[in-house]
Amino acid sequence: MKTAKVNFTDSYIELAHGAGGKASRRLIEGLLVPYMMGDKPAELNDAAYVEANGSRLAFTADSFVVNPLVFPGGSIGELAVNGTINDLAMGGAKPLALVTTLIIEAGLTTSELEREVAAIAKAAQRVGVPVVGGDTKVVEHGKADGLYITTAGIGLTDPRVSLSSRNVQPGDHVILSGAIGDHGITVLLARGELDLEADLTSDTRAVWPFVSALIEAAAPGLRWLRDPTRGGVATALNELARDAQVAVILDEEAIPVRPAVRGACEILGLDPLHIANEGQFLAVISPEYADIALKTLRSMPGGENAKRIGEIQAEPKKAVLARSQYGGTRLIDMLIGDPLPRIC
Amino acid sequence: MCLAIPGQIVEMLDGDRHYAVVNVCGVRRKINIDLLKNEHLLLGDWVLIHVGFAMSKISEEQANEQLNLLSMLNESDEAIEEVQGYQFDNEKV
Amino acid sequence: MKYVDEFRNPELIRKISEEIHRLVDPDYHYRFMEVCGGHTFSIFRFGLQNLLPENIELVHGPGCPVCILPMGRMDNGLSIAKQQDVIFTAFGDVMRVPGKHGTPLELKAKGADIRMVYSPLDALNIAMKNPDRQVVLFAIGFETTAPSTALTLMRARELDVPNFSVFSNHVLIIPAMQAILDSPDMRIDGFIGPGHVSSVIGARPYESIAKKYQKPIIISGFEPLDLLQSILMLVKQMREGRFEVENQYSRVVPYEGNMSALDVMKEVFEVRSLFEWRGLGAIQQSALKLRPEFAKWDAEVRFQVEGSRVSDPQMAPCGQVLKGILKPHQCQLFGKECTPEHPVGALMVSSEGACAAYYHYVHLQEAVGE
Amino acid sequence: MKTAKVNFTDSYIELAHGAGGKASRRLIEGLLVPYMMGDKPAELNDAAYVEANGSRLAFTADSFVVNPLVFPGGSIGELAVNGTINDLAMGGAKPLALVTTLIIEAGLTTSELEREVAAIAKAAQRVGVPVVGGDTKVVEHGKADGLYITTAGIGLTDPRVSLSSRNVQPGDHVILSGAIGDHGITVLLARGELDLEADLTSDTRAVWPFVSALIEAAAPGLRWLRDPTRGGVATALNELARDAQVAVILDEEAIPVRPAVRGACEILGLDPLHIANEGQFLAVISPEYADIALKTLRSMPGGENAKRIGEIQAEPKKAVLARSQYGGTRLIDMLIGDPLPRIC
Amino acid sequence: MKYVDEFRNPELIRKISEEIHRLVDPDYHYRFMEVCGGHTFSIFRFGLQNLLPENIELVHGPGCPVCILPMGRMDNGLSIAKQQDVIFTAFGDVMRVPGKHGTPLELKAKGADIRMVYSPLDALNIAMKNPDRQVVLFAIGFETTAPSTALTLMRARELDVPNFSVFSNHVLIIPAMQAILDSPDMRIDGFIGPGHVSSVIGARPYESIAKKYQKPIIISGFEPLDLLQSILMLVKQMREGRFEVENQYSRVVPYEGNMSALDVMKEVFEVRSLFEWRGLGAIQQSALKLRPEFAKWDAEVRFQVEGSRVSDPQMAPCGQVLKGILKPHQCQLFGKECTPEHPVGALMVSSEGACAAYYHYVHLQEAVGE
Amino acid sequence: MCLAIPGQIVEMLDGDRHYAVVNVCGVRRKINIDLLKNEHLLLGDWVLIHVGFAMSKISEEQANEQLNLLSMLNESDEAIEEVQGYQFDNEKV
């Protein structure tokens, strides 16, 4: 295996390397990809493609480590199903089957476990995808924060779509499926350490029904999909800008953010564009299909808040910029490390 | 230097007179109000919040005055003079 | 969002911008220092530089408590954090600040019990919930934050919480402004004064500065309208040859400040004779330490912290940037060895730090080809 | 989802529920399967089958939580690849692709991580299966024992074989691929707590080459395959006896056990039949094909120790019995809980 | 494996089996008790019952230190384990023994720091590595194990390890055998004597029993050949009307036992006047406690353990099974409420326990249709 | 009752006279030999090991004698008599 390209100089791993932002990207591109994928220039997508007997499969797995296990609007079990369904959907693939593995902390009560098992089953059933297998490990008390879940999924890609940052063109539109930041802020508040309360719920949901509808309505115009989970919209769009060598120009005022998400972000000095989502996606769509795509999403329950939030430009390459109504411009960077509440 | 944010008092905690609950865009937090003990805070008052403490009571009157002034900018010379003379209240008084 | 959205009104923003353009002397190069890092952040966050004439230069000042924290203080704090029974608490801002041997986050990754708090009172609560552990608050901040720390210490005394202590890094803004003005290599035409500090100290402390150095000072809010209006007010004062203290932020800042806050500060803290500021060197009477009556809750006493002076990394001219002598991108390390992800100096850590703000700004400038 | 069949009365989860023995089986069959698979009578195999566009895919995922991360003969990264390859192989499927997820404890050194990433890459390359994707989470220091790895795999089943306990017939032969207990004892000793030393190495390896050869040589006779990992040979065969409603009669003296494994088991009061393996498999083969199967395995490097260790009988149903040369008979039970060293 | 494999020689096994068949009185029902749980385990492990005539019944005795541990002792131990600064150590055997509120493993799952050790010395090492914690060894065992505990305590004294202590549940075999023989509802024709205990105590202590109760006693090894030979020797003694102590296990057991081991036991332990045995009730002079000189390392002193007596679960006749009065499968709970996975009584926990052994055996019998 | 296993001494630890290294089928462990301090253990001796302590030195002579006896069982009446009279050495001596 070619390891000449290893380029990761941090001497050990810290939380930032898992936070989905710059450090994550450095770890993945600098260490993991060179070993796993060798010389191939990697386009890191939510799901990988595998050819099997002439079919193009999407294949993905994600680990879920949320604390607390349950939060308003969802729980780790639901998250673990939706997250993997969404990664398949982002690959333009109809989900076929899931396998879940549980790493359980000794001492977890059966009722907590049963609640999550039921959540997994219910979330899978809701989107009509069977859980066909699993694995269970138990680790010593004090490890594993109660429960870690890993969900693997396979899906069948739709031959009508070809999704890749390489297809993204200047002039394409950027569409966002709904309000951002609900999940990240809900979980942050649910930890209780900040003593903040709000009527917020996680946005966790499977977005495959929306993607399926988009494929039906606008397949030829679909260029790229991404669920802005860890690292948020800012990170997902920076990755796009970098991979596609384009600029993403955002109309910041168009990005839907619920008041309570905004309030929490103002209090804590966070940027909603860096906050994780678990039921939203970004789509880049060619101009001819943007209107029908948006109309399609908006006509679906849960898609009412879909918005056109920006467009692709040729220059400045590799940048995400937000323009304000009064002519101010700011650079939107990837998340650096975990989003930390600040006082100054 | 110091991230501070306006919030509205939505509950005075009778059990613990050091604290009140503020609302920022639908986000609520119990904050310490000892630093404004001379302000006789009331339900509905707006305060500036920093690290879980109310630092200052916000004056709606001053805020409106500022916005009015600015909206007259470029439209009347008087407004410009006002901006120029815009100084501490107590010095004007 | 009340008191926020109105002050981001695009139409008014445009109006003030036009007015500034109208009033500036096109032949003069203005250098205004925004003292406060919060202002620096807002300026970049809202792209305000775009709205100003080219001959108004904004110089980023020392008003970021993280940026001016000397590395030795950080090391002292982390040496406490490494002790086995200690829970070390700090604001999120501090977590990525490098000491000689790494940041609090890195130390935490290696197993130290370091926790982020939102309020000093949260640290006190942690102490009460963990009576077997020593809980230390690594306190930072200017006069805005110091009263909260003071009240927390008074509460610790009232409840007699024996396992709580504060490592005070609180600093004062007026001595820092004076130090900058006393610096021979420095030219500043006027100050955008720190709004939230002023809500505590009021306006009076600035008056002697304005008079002595003959510089206008506008106490300013943090929204786009506030900052632009403050700049307009500075331009007007200069046009009219005035050098007065004016209060743009009157909805929040009373002239006399917050007496209760000043009282609790006085009860708990006393002024240090000398304190080291990163980049600015030792400044007299520029910081706060706990009074002897609070020695029991003073982490410097409890853990017998010796003042360790660690100089900034060689080649790192953070101090000159802090004083506005160098622009961040004139630092040799800027964007190379020193980035927001791997900061060499604290100015690259905080989102209020001039270098971090500039890093994004310069990338943006490059990006948009300016 | 049908939950009427939930039958799990333990009030919380302990290590035994992850140890691969009886408690694991109760958890899986009593709680997980009823939620996930509803009414379907579950045959719990190493890999599940999924139909996609007319192909029959095998799909599996396992989490790996070994302590220490490195042990003589292998490490968690190698284990994670081999274990998943083996589960696909046990499903009679040629492995097509892997996805690995890492849950990293903050503070893990980059060199430890790099070593495991390299181990993953090397193990995958050795068996010619690409790692096509992954996911990385970092959890707080003190969690996750350094590193947990989950590996998902998909494979393409060979149409010539049909593997199921339902196919197992009285008279069939039970073949074991090699010496047992090496992995479990190696890891136990590597922990250092018992102060025992031995020249032992884990048997971790991918067994797909052996299975592939078996398919070529004896496909019509192949009934059932299982890798006796956690719970060991005893547990795997008990599951077979139960699922197939047959008896498995072992010739205990025929079961290959290395001296050091035996010595450690004698010292600690453990039974080699309960010890985990990571590079062995059990095959049930019809009598006509048993000889050629055995010959095939033995002719391959690493297959020299393959043995016929027993046979299937109709009665006593659901039991695994060992017969000794002098006529003693003992019942071989599933593992109960974790294997605990004992002094009496 | 030397000293093991030779004693599993199939040909010799068959020979002795035939000889036993030849020598037994077909009209007499023999009841031999294997005192030691290790023997019980071997008998089932090697399927030896198959090799014996039907009229030889093996009765499983009290020689399993886990099986006779009264629930109250377990509860006392676990009440110490629950204390926050305690590391509770025990042999693997103990980990699944139920106290009133669960087993050590269950308590560990809930967060108690409970660790398995292979040797008492391992527990002492843990104490030396964790000077801030109290490390308690929950010691069990007959005279085979007691000397090791004693040496460990002498070492703790020598090294002056202040945070180590032992909760002694060590018991003595001779009083237990006497209690069984004194029990009115009991008929035993002879004993297979415990081989490893005898390596410490030697043969002499059995002689008075053999004489007083007129029962043959064969000190026996644990391999199939050893056990079969011992049974053969019992049959022969009965045939000849003898009741002597004979040593089948002479390769390991010297007549006088191990003097050094007896010495260290005497130095560290003294005999308790009374000790509760699960199922057998309180037996005089049947257990060991630490001498006052070792009070500093005595967990019963340090943690002020009050003797809590908890009776066995109602309906659980473990004691009668222990005495050989009931066969395990005659217990109502056997195989229903009480299984190796969810044991009600300790006899179902240990792989040496008669009920656990029987559980497998009965399943086997059912399985093979006998 | 007490799981004990034969092992051979493969190393006497000079630095710590309380300990020796034993080998059981290729598995090695440092064990305490204080309980056999009167036995003058030598390299190559076999001992019975329990909970990390050597409990007893194993007599090869006795073992062989037992196996010889048993192998003559059913083949000579003498052997049967031997089995019957098989008692403590010291009683015979």
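Which chain is which? They are A, B, C, D, E and F, in the order written, and residues in each are numbered from 1.
Going forward, a residue touches a chain if its C-beta (ideal position, glycine included) is under 8 Å from a C-beta of that chain, and two chains touch if they have at least 3 such contacts.
It should be emphasised that the depicted structure is a prediction, and the values quoted were computed from it without experimental measurement.
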| item | value |
| --- | --- |
| Shortest walk length in steps over touching chains, subunit A through to subunit F | 2 |
| Touching subunit A and also subunit E, the following chains | D |
| Path length in the contact graph (subunit B to subunit D, fewest steps) | 2 |
| Most extensive contact between chains (C-beta pair count) | A-D |
| Same-site or different-site touching of subunit A by its copy subunit D, using the half cut | same |
| Whole-Å gap between the CA centroids of subunit C and subunit E | 72 |
| Intercentroid distance (Cα basis), subunit D paired with subunit A, Å | 34 |
| Centroid distance [mean C-alpha coordinates] between subunit C and subunit A, Å | 35 |
| Computed distance of Cα centres, subunit F from subunit D, in Å | 39 |
| Multi-partner residues of subunit A (at least 2 other chains) | 12-16, 106-107, 140, 142, 194-195, 259, 262-263, 266, 269, 342-344 |
| Shared interface positions of subunit B, touching two or more other chains | 1-3, 5, 24-25, 50-52 |
| Subunit E, residues touching no fewer than two other chains | 1, 4, 37-38, 64-65, 91, 108-110, 118-119, 122, 141, 145, 352 |
| Which pairs of chains touch, using the document's own definition | A-B, A-C, A-D, A-E, B-C, C-D, D-E, D-F, E-F |
| Complex contacts: residues of subunit C adjacent to subunit B | 1-4, 6-7, 9, 12, 15-16, 18-19, 35-39, 63-65, 91, 118-122, 141-142, 144-145, 147-148, 151, 194, 196-197, 199-200, 203, 225, 229, 232-233, 236, 240, 244, 246-248, 250-256, 258-261, 264, 352 |
| Contact set on subunit D toward subunit A in their complex | 1, 3, 6, 8, 10-19, 24, 27-28, 31-32, 35-37, 45, 47-50, 52-55, 57, 59-65, 96-97, 99-110, 113-114, 117-118, 120-122, 124-125, 130-140, 142-145, 148, 150, 152, 154, 156 |
| Of all residues in subunit C, those that touch subunit A in their complex | 1, 4, 10-11, 13-14, 17, 37-38, 44-48, 50-51, 64-66, 91-93, 95-96, 105-106, 108-110, 116, 118-119, 122, 140-141, 145, 224, 340-341, 350-352, 360-361, 363-364, 366-369 |
| Interface residues, subunit D side, partner subunit F - complex | 189, 194-199, 258-260, 262-264, 266-267, 269, 342-344 |
| For the subunit D and subunit E complex, residues of the former touching the latter | 12-16, 22-23, 193-195, 247, 259, 262-263, 266, 268-269, 315-319, 321, 324-331, 333, 336-337, 340-344 |
